[in-house]
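Please find the structures below.
What follows is a pair of complexes built around chain A, which joins chain B in one and chain C in the other.
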Partner chain A sequence: MAYVVTDNCADCRFTQCAAVCPVQCFHFDETMVYIDPDNCIDCAGCVDACPVGAIDDEFNLGDDQRHWIEINRQRAPLLPRLTAIMEPLPGAEARKAALGL
Partner chain B sequence: MIVAKVGNHVKSVRGNADHPFTKGRLCVKVNNYQDRVNNPDRILYPLRRSGPKGSGEFQRIGWDEAITEIATRWKNIVATSGPQAILPYSYLGTQGILNGLSVGDAFFNKLGASISERTFCDSGACTAYTMTIGHTAGVDPESFVHSRYIVLWACNTLSTNSHHWPFIEEARKRGAKIVVIDPFRTRTARLADLHVPIRPGTDGALALGIIHVLFRDGLVDADYVARYTIGADELAERAAEYTPEVVAEITGLSPELIVELATGIATSQPSVIRIGVAIERQSGGGQAVRAISCIPALVGSWRKPGGGLLQLPLWAFPVNWGTFLRPDFIGPNPRVINQWKLGEVLTGEMPLDPPIRSLMVYNANPMAMSPEQARIARGLLREDLFTVVSEHFLTDTARYADIVLPATTQVEQEDIMFSWGHFYLSYNNRAIPPMGEAVPNTELFRRLAKAMGFDDPCFSRTDEEQIAEAMLWDAPQLQGITLERLKRDGFARLNLPPADEYAPHAEGNFATPSGKCEFKASMAADGNFVLGLFRQGYDGQQSGEPVDALPHFIAPQESPTTNPELAARFPLSLITPKNHAFLSSSFGNLPHQRRHAGMEQPVILHPADAAKYGITAGDRVRIHNDRGAFKALAQVTEDIREGVVVAPVGYWASLSEGGASVHAVTSSRYADMGCAPTFSDNLVAVERC
Partner chain C sequence: MSVGASDFVRRYRVAIVGAGPAGFYAAEALLRSDAGVAVDLYDRLPTPYGLVRYGVAPDHPKLKQVTAVFAGIAALPGFRFFGNITVGRDVTVETLRRHYHAVVISCGAERDRTLDVPGADLSGVHGGMAFVGWYNGHPHQRDLAPDLSGRTAVVLGLGNVALDVARILAKPPSALAQTDIAEHALATLARSNLDRIIVAGRSGPAQARCTEKELREFGTIQGCITTAQSGLYPVPPQNGVSALFERFVGETSKAAARQCHFAFGMRPLAILGDDRVRGVCFARSPVVEGAVQRTTSDGEETIDIAADLVVACIGSQATLVPGVPYAIDRGVVSNTHGRVTNAEGSVVPGLYAAGWIKRGANGTIGTNRADAVETIACLLADLETLHEPETSVDALTGAGTVVADLGISFAQWERLDRIERELGAEISKPREKITDTKSMISQLLAV
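For the complex of A and B:
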């Protein structure tokens, strides 16, 4: 069981999560990050660190968000590991504002 | 932990980003602590049993009524059978110097009740560690960033000590190698550079094999050994028989791997060994820790920060234990009862005069966490046993109580805390008033003492007064730390050298009788013992069984090689690690943690064993031996050795199919030292239901 990155991360990719994750279980592609559920230790450190509220316990996800569990599980093992904070994507701040955050 | 509240309602909790060790993270066990506090199943009022014992049927009563009934029953027992017919049973389900380990000790010592010997956690390792290097905090967990070779031995860091991991990961970035020694490929082992899948109960042999190679291959730091240790020649002679080939046969590892470990520990300096509680839970657990504790001195790793051994940072904290334990209240002929023996104590199978007529349980849940579960249940069903339980929930144990008393959670009480895992003294500020009629343990014992007519001033001290007396404030480790600062900040690092400089045994200075690391232990002459801290401050009447002054390997009592007759009926070795999402059995009833742990008790088997017994993943299976049985869902994976099965503890019997859990099959037999349990030394059979 694990925490899950959802659509708020897309096109933001602020990656503050990388600074708090004790087991480096985040992986990234060109639009967002994903949690490897086999390595996540359920510490929840990333939940508060994420500036756009993209991360939650999989048990808290609503029906419209539950598909992200499988997306994280599928994508993370295929992608490079996020080992340090990266520059947010261009337009991240605008997207954050658009999300009302 | 920082508590967010609205009025007196706890909304959420989070870590403290300013804390240098936890860095703003909690863990899966307490991330939703508000759900424990606000849980509709909380016991908020005193209860009296209204149905048959164990039925869980209770009626609400008032505090005065409850206290009066307890005091009346106890005074009657004292008058007719003597106070030793009363037994306290407690440990650390509630944490804190005030409300935790010792909260009832002064009261029960004054009463003259049977002394509760609590060897639940690290007692065997403490005895062995004390004999070898003495009461020392060992390596600062934060110094691990400087370690070059890190051995996590019987320790699943990511599940039970996750805040330590970033320091280990930082060491890896700086070039360290991480080794995990564990029969099970835990989530920690998966992230290590090397996993050593040892056969359960054989760690002592591995340690002696490493020592053998150190001497054989000239890997010993001769200068350190000459200056700061005693007994090296005898140890070398003892280790001579533990060749890599012999040890490989015992441990199920390859001779090459044993040599690799010895070479790594010796040549990648500073090297460090972190031992977990599991290390002691085998028949030879004490001598295994003796052998392991010798290794850092043999290779001189204590010379530098980040080198040596880490067991319990507890020893760094100058706690004023005496003010809580009050051993001076103990009469001339006390009776000590070890808590692992609760089943036979209550059933009368252990002859006791007087027999136990009343049991008081607080900070503990023996029906979930103590061995021989069915026997404990039989004892708790005795109509003539008066059982009092102070609790948050109607646990597997509380269900059998005659009186249940409501206890506060950590956020409803004030306390001061030492740490098992870092060098920071912590302050537990009260966030909200007690819910319902719940009281802190301190208040519970103030009320009981008053009802029993105890007038010593210690029984009327307020929490504030107890906190003021909780520490030896003049000790060097506390210089610069004031209560005011502690209360404001929540934590303060002990006044010890910074982690980058802390090397407490660079020049010996071990807290042993000789001041040296004692490979040959002088304290062994007095035989086996349990530290007074685990026995309400009482040091007398120690079991005193002979202890070999030199480390040696004691084989498991239940294994296919040592007990083939038993193994013919029960062919699989069971290990019972702590659950990732529970804290022993605490949180085993909460939905959030159960979802993370898996709603039902799992048992993990190797594919070859699963095939042999016709089991496939997802099957409901029965795990049993002559002591009892419990049911579980089978998981099949090569992460566990063939011949070994894994069943994490903490699930509640009352919430499990069949009304039993893991400790239905475990033994109350002791390990060789400190009355540690032998939960990794149990043969079972597994069959499809």
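For the complex of A and C:
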């Protein structure tokens, strides 16, 4: 069981998660970040670090979110590793506000 | 023009005291910077990894995989480990400051906060960090020998340490036998007569500091039924730890070999007993919508609960390293973003803090990475203003010195690591920890 990044990250990519990941298991593309489930050690540190609540234990995901498990698993290994915080994407704050957060 | 690794001059030397997560992440931030820093990481134990080895519960092996990251940091050029060196005794901080440009204190906060009630010193009352150290084979806690011959344990607190202790007490020995739990602890737990574990917190369920994942495990312990105090909500909560606690409420009627029960609004007033603990006296506060109102003691009643064992998991604090010109303030070293400040509030040049000793005992393993990165950013910004060391590092760590005589290198630790894994493999455990420093060292000398 690993933690999973879901759709709230898309177009935000705040990346506070990367600063507290003990094993650097986050990877990123132009829109969001993904957790490599083979490296995640289930510490849950990223869950509270995310300003838009995009990360959750796969155990908690509803049916409308479960597809993210496979997306994370497939995308992460193909993408560069995120080792430190990056600038959020332009419009991240607007998207956060639109999410009601 | 590219500069080859061999041409890279490490002209700055930094000592880090404490080889837990914060110490390793501080080392990584220094070694990966382009400022040219070499790092010596000291620990009072021959073994690295701090609370990853001695704090993380034996039945949570996945979290311990982070040690692979630390071993990777140890393999970076410019890194040295000196285990078995107690800073403040074998080497003073002042000595380190004479030999290094900077010293980073990252020795954590593993001393239990004192349970400040009458009877707290009775036999059968233990601190949570001490208890955790005992089952994890910490050399300083191996002789704790808790008496588990009684039937009722009271665990004070609702944080993850309390949950770890309660879970280890609740699990059947067969569920722990193939973990890296210390041999002495497994033997004692196998003889345990405890069949009732009461986890009593001052706060309400909505204020509990434990995490969902740790709490959820209580529904799955073999041979143990988990229950929780009922009637705390007009409408059952749907999310978070509150919902999980509420799920345990309905379990009361089931039968099992052991029962674990969560109680809320329970403020310990006294530990009861003559020569040893026989109970705990609590002030019991009303819980409203999952929360205890702290501002008033109105409506409190007192209640005595029989107990044969009490483990107080009420937080931990830093231990002052002797000879450091710093102040301990609310359990942490006074500091600004990791720059240590003295009693007058001024920055002590060349002295830094990272991890729990800097911010207190909170967060997850990775919180220490962000924390250490912040400290090291300050250190790197200060580099050019730091005093040149009075004498060389070689004069402290070279042949014939105390550090060279007593110190355990990372290569030696890796040998010890292999020995422990081999010992474990014989009995289907991931490792059998060697739990006293003398045996660790004699094992190394025997090879």
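Operating definition for what follows: the second predicted complex is superposed on the first by the 101 of 101 C-alpha atoms of A that agree within 3 Å, B and C clash if a C-alpha of one lies under 4 Å from a C-alpha of the other, contacts with A are read in each partner's own complex, and residues count from 1 in each chain.
We adopt the following convention: contacts are C-beta pairs under 8 Å (C-beta built on N, C-alpha and C of every residue); 3 or more make two chains touch, one makes a residue touch a chain.
Predicted, not measured: the structure shown is a model, and the values here were computed from it.
Asker: One more residue to check, A:24. First (chain B), second (chain C), both or neither?
Answerer: A:24 contacts both chain B and chain C.
Asker: Return first, second, both or neither, reflecting whether A:45 touches chain B, chain C, both chains, or no partner chain.
Answerer: In the superposed model, A:45 contacts both chain B and chain C.
Asker: Just chain B (first), just chain C (second), both, or neither: which does A:101 touch?
Answerer: After superposing on A, A:101 lies clear of both chain B and chain C.
Asker: With both complexes superposed on chain A, which partner does A:86 reach: first (chain B), second (chain C), both or neither?
Answerer: A:86 sits against neither chain B nor chain C.
Asker: Show me the chain A residues, by the header's touch rule, that chain B contacts in one structure and chain C contacts in the other.
Answerer: 20, 22-24, 41-45, 57, 59
Asker: What residues on chain A touch chain B, complex-wise?
Answerer: Residues 1, 20, 22-24, 38-39, 41-45, 48-49, 57, 59.
Asker: Mind listing the chain A positions that touch chain C in their complex?
Answerer: It comes out as residues 19-24, 41-46, 57, 59-60, 84.
Asker: Contact residues on chain C for chain A in the complex?
Answerer: That would be residues 21, 62-63, 65-66, 68-69, 211-213, 216, 363-370, 373 of chain C.
Asker: Okay, in this complex, where on chain B does chain A touch?
Answerer: So the residues of chain B in touch with chain A come to 14-15, 23-28, 31, 158-159, 162-163, 165-166, 169, 187, 190-191, 580-581, 592, 595-596, 598.
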